[in-house]
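Each of the two complexes below includes chain A, the first together with chain B, the second together with chain C.
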Partner chain A sequence: MKTKTNKPLIVMAVTFLLIVVVFFISLNLGVIKIAPLKTLQVFFGQGTARDELVLFEFRLPRIILSLLVGAGISVAGAILQSVSQNELAEPGILGINAGGSLAVVLFIYFFQGSASDLSFFGTFMLPFSALAGAILAAFLIYILAWKKGVTPIRLILVGIGVNAGFNALLLIFQLKMDPHDFMQAAVWISGSIWGANWNMIWAILPWIVILLLFTLYKARYLNIMQLGDQLATGLGTAVEKERRILLLAAVTLAASCVAAAGGIAFLGLIAPHVARRLTGPRHQTLIPVSAFIGSFLFLLADTLARNVLAPSEIPVGLVISVLGAPYFIYLLMKAN
Partner chain B sequence: CGNNSESKGSASDSKGAETFTYKAENGNVKIPKHPKRVVVMADGYYGYFKTLGINVVGAPENVFKNPYYKGKTNGVENIGDGTSVEKVIDLNPDLIIVWTTQGADIKKLEKIAPTVAVKYDKLDNIEQLKEFAKMTGTEDKAEKWLAKWDKKVAAAKTKIKKAVGDKTISIMQTNGKDIYVFGKDFGRGGSIIYKDLGLQATKLTKEKAIDQGPGYTSISLEKLPDFAGDYIFAGPWQSGGDDGGVFESSIWKNLNAVKNGHVYKMDPIGFYFTDPISLEGQLEFITESLTK
Partner chain C sequence: MHFHFCSKHSIKSAEKSDILKQQLIIIISNRKEVRQLSQHKNIRTASEEIQWTSRTYGAVIVLIAGLCLLCLGAFLSISLGAADIHLRTVWEAIFHYQPTKTSHQIIHDLRLPRTAAAALVGALLAVSGAIMQGMTRNPLAEPSIMGVTSGSAFAVSIAFAFFPGLSAMGLVLWSFAGAGLGASTVMGIGMFSRGGLTPVKLALAGTAVTYFFTGISTAIAIRFDVAQDISFWYAGGVAGVKWSGVQLLLIAGAVGLTLAFFIARSVTVLSLGDDLAKGLGQYTSAVKLVGMLIVVILTGAAVSIAGTIAFIGLIIPHITRFLVGVDYRWIIPCSAVLGAVLLVFADIAARLVNAPFETPVGALTSLIGVPFFFYLARRERRGL
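Let's look at the complex of A and B:
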């Protein structure tokens, strides 16, 4: 029998391999058929201009963004589940999706009509307003939950309240939009990364890498916090301070993902769960495995979203839910 | 706009043919004077280019559902919902037409071929036709259609005036929750009914959907009797879409128009479009309905 310490390493190796496999499948799959061998040629600068355009400008940015966003959202979820000591926590409870969506809808509602140079304005300002909205919502929830410190349960309850409020506002503005703007907003809200480009990747890459490493560094605090506030304080942790720092890390991670990919629900909930079932609750392994599983699921989902109904597309957020839900339910049943 | 249409030389090859700079919503675009392979990603503009006699090689799904395009989409590829840039590159276009609301996609399309972004409600449909004609050097085709259209409208107008007189007409669609009342500037045959034929809207429709707002207004079921005219063109939001029981409700059934049998079910896809081909189809349907 294998010793227990080897298991996380094996899981990591397997998920990494899966990512590599899906990476190549995704690169080769699409409306334009490019044979695997040709793909290699393009990578060595020997392909046609057209194949280069398809691979480097259309497919690769999407793939890389999928990997980054998948990892970011999943780790944000893992942090939140541990910090709030609640298995149902996910980035959405900090109002990140609702805040980001509301900001995007407000932006489209108020500025779209008057913006003259839209392609520039839209691509750069839309993600930025999403980021601002997401962070504002999280900040609001934290402030409202504050009562000589923030207890996990207050955080979640206030989160649900603020989310409901934001969603109501969202609905009001969506109903007042005209159908064209509404479509644009709807696609964004259900999560889609067809707008992926290299600028977007360079914009979020540093955040995600730095915050992932930072979270890994803080793994021991997460281990302790899972035990509950009292025990953690007893063990000498500055619970409130660490919680604030970790929350901030989770919010920033999730907000950059929301800015890049829109409201991706569910992934932040299931990826950490799957990781925990596979490797146990130690965050030194839970964090990287969550990231790997998140990347894998997101890339798989986006590959399907892009190809199943081609040339039409399914919002990637929906595919994640369809893919993730059955496995998630299976895991929960097995746990009982 | 663009400094176009000099000589009408026969451009032989689509690539490397004469180009000129056209001022579009996404900036100045170098486009071919005589485009040979156009992908129209903005579904509403398909019929405009067809009317101008331009070869369209790709168009979104909706176009293929429009009953008025029957027999007019041969050789045109379905590009789906209009998000797949790969499908577009596959068609090897020399001009791409998109809506500004297609947003981030435009940057990628520009790498495939000259891309003209159009703001969908900036011009009314006649102005838009003239603009596209100017852009593609096909003014003669536009003039010809407009002359034909004016004649058709004039003929229909006398017939309809005789049958309808000063009675009011409404255009309504429902998505199952709200009822949308359309004015003259948001498709659904509005421009024909209120502008070309000069028919009357109800007082509230005029106030809320014509004199203000984007060209339509959404109302709840209770408000229906206040907005409804003597004749109603009605339909669900999409073909086969849910009408939420609006057309079964007692409020609906008690409308004068319904009691008198003056309700006409329009095709929601066919009436979504505002291009010359669809306008002709709509005019025919409207004339037939109102003079029955």
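Let's look at the complex of A and C:
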């Protein structure tokens, strides 16, 4: 028994170390390379002005955002999978991200004029508009999949349809923008840490921290709910009520991530899966481990996206898609 | 009575096919009875009922009405646009072409090829979807859902990045290769997955494959700075098609449709189920192979000319099946005509919705197709 209780801690410690390693690699790499020693110097306040600027204004915010978004998406995926008892559920495939993306693109298009000069207030409004779109998408999926109850299969099929519909609308609006905004929107929809500055971090940090804590608090309900509706009801859970609350938490988490990083697919699927493999299905450990693994994977993918094809930068969402799709297909082939 | 005197081996082929037909009719009518029985148990709406008989008159009516609509659509498509041209001028430009008149030139060089391309692409995609649905018995089978179009677009983006200045014909070949790659990936996933390729698995596998290919091709596009050339492929449209494109579509269409007519009968049998088809003496794998080849030719040609235009291959075969029954000898031509009609009108709408700007026609067909997809997803029974 003792080994079992220690395992999640070990996994978290290892993942944390990995995050620290990638964190420093990511700080060093980029168009301007900064040697590890210099990085440390900058942190102790003895670096050159240029290095300070690069590290504190460009790289560090981006890394912190990556960690936050990775954690948020993964936990959203973990909740969705347990609540729908469907191991293929994920905010990207279900179309929740697409709804959030559409709302953000519309918000920028109508209220901000251009994505490049987003005001301070506008940045803080982004999560709210993403939330509105994501909730609309989730609501549509729920309503359209409802037919004397919601079966997991119908949920996913309807999600694919909602995804296609929102993407078509996005395309129509995108083509009305001027070329610069068009490119920006295209990159952003593919998933990219775009507005990497401290404002953005302050705008989404509270959402993600509060919701992560809330999910941890609700972990015991998630444990019971993944056993199935009947058993959960029998154990005295108000299944439908808890499900709605947890769904709302997942959608809100996904929406705040969409506001910061656009549509990231597959991460919400992979991280919880790996976490479940490593530490088992108890949500008290599954949720934090998913968050750690998600942060690690996202930071790794973003570092790759910045450097693999340098000096061009590819949207991090594409890296995750290309790496995540095969894993998804593998799961699909295994599933009955 | 006749059979009693013949040994099994001496039955002539004509009689054999008669027997097959009878068996088929028995099976079909049995199915009808089963359906009628099941109708007593659970009440279904009339629209959900599937006719297991083919309706020749219906098919002929659909063909004639479809062709009339197509002619009407073609004339509208030629006359409407940034410069409205009177219908009489359209007539004159086609039948008494005078190269010196501007309006005649617009019609001849821009509108005519565009209209022809819209009709051909619509027809190709619809037939491609019909064959896929028939072969896989999967109501959600469709080139864009199954990753065929994204495979094709992936190959086209590679061609753009690494072989700039490729001829139109070369591009089409790349597109074919990509369509084949996409189709075989999804089919392979289906073959190796536990429990076969159910509609849900197909849709999910297609989505994942689409994400994968789109990811790589977008990365290539950004790296090699051909994003603008490729974004056109993803938006989908027939606005800039030239006569050479129309020629390519015609050739691919002629080859693909001819092959399709040859295997139409076999597809009908196959659409009753693999076991049944085998029992009736069909080489199912051969038919499937030819079917996939047709799908690759038709989709590859359509994508290389018009980019990704989604959902036509999904909607049209369903509507056609509802109108003309289950015989693929009728479904294929009727799907072709109706697909052409849909895309010609969608293309007109794409010009008019937000005039003078063009709306991507691929996005429009998606918006039409998504509600239909919901309808199919909500339907309890997922057979054909």
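As a working rule, the second predicted complex is superposed on the first by the 253 of 336 C-alpha atoms of A that agree within 3 Å, B and C clash if a C-alpha of one lies under 4 Å from a C-alpha of the other, contacts with A are read in each partner's own complex, and residues count from 1 in each chain.
Assume contacts are C-beta pairs under 8 Å (C-beta built on N, C-alpha and C of every residue); 3 or more make two chains touch, one makes a residue touch a chain.
None of the values given here were measured: they were computed from a predicted structure.
Novice: In the superposed arrangement, which partner chain does A:240 touch: chain B (first), chain C (second), both, or neither?
Specialist: It touches nothing on chain B or chain C.
Novice: Kindly classify A:175 by the partners it touches after superposition: chain B alone (first), chain C alone (second), both, or neither?
Specialist: It touches chain B and chain C both.
Novice: Now for A:126: first (chain B), second (chain C), both, or neither, which partner does it touch?
Specialist: Touch status of A:126: first partner only.
Novice: Figure out whether A:197 sits in contact with chain B (first) or chain C (second), or with both, or with neither.
Specialist: Touch partner of A:197: chain B, not chain C.
Novice: If you stack the two complexes on chain A, which partner ends up touching A:52: first (chain B), second (chain C), both, or neither?
Specialist: neither
Novice: Just checking: does A:32 make contact with chain B only, chain C only, both, or neither of them? Give me first, second, both or neither.
Specialist: Only chain B; A:32 stays clear of chain C.
Novice: In the overlay, work out which of chain B or chain C sits against more residues of chain A.
Specialist: On the superposition, C touches more of the residues of chain A.
Novice: Is A:229 touching anything from chain B or chain C once the two structures are fitted on A? First, second, both or neither.
Specialist: Neither partner.
Novice: With the two complexes superposed on chain A, say which partner A:309 touches: chain B (first), chain C (second), both, or neither.
Specialist: both
Novice: Could you give the residue numbers on chain A that contact chain B in one complex and chain C in the other?
Specialist: Dual-contact residues (chain A): 175, 183, 309, 312-313.
Novice: Where on chain B does chain A make contact in their complex?
Specialist: Interface residues on the chain B side: 25-27, 61, 78-81, 83-87, 89-90, 99-101, 103-108, 111-112, 117, 120-121, 178, 214, 216, 218.
Novice: Show me the residue ranges of chain C that touch chain A in the complex, using the header's touch definition.
Specialist: Per the stated touch rule, the residues are 140, 145, 189, 192-195, 199-201, 203-205, 207-209, 211-212, 214-216, 218-219, 222-223, 225, 227, 231, 234-235, 310-311, 354, 357, 359-360, 362-364, 366-367, 369-370, 373-374, 377-378.
Novice: Touching chain B in the complex: which residues of chain A?
Specialist: Residues 30-32, 50, 53-54, 57-58, 112, 116-119, 122-123, 126, 175, 178, 180-181, 183-184, 194-195, 197, 306, 309-313 of chain A touch chain B in their complex.
Novice: For a test of understanding, state which residues of chain A touch chain C in their complex under the given definition.
Specialist: 88, 93, 144-145, 147, 153-154, 156-158, 160-165, 167-169, 171-172, 175-176, 183, 186-187, 190, 265-266, 309, 312-315, 317-319, 321-322, 324-326, 328-329, 332-336
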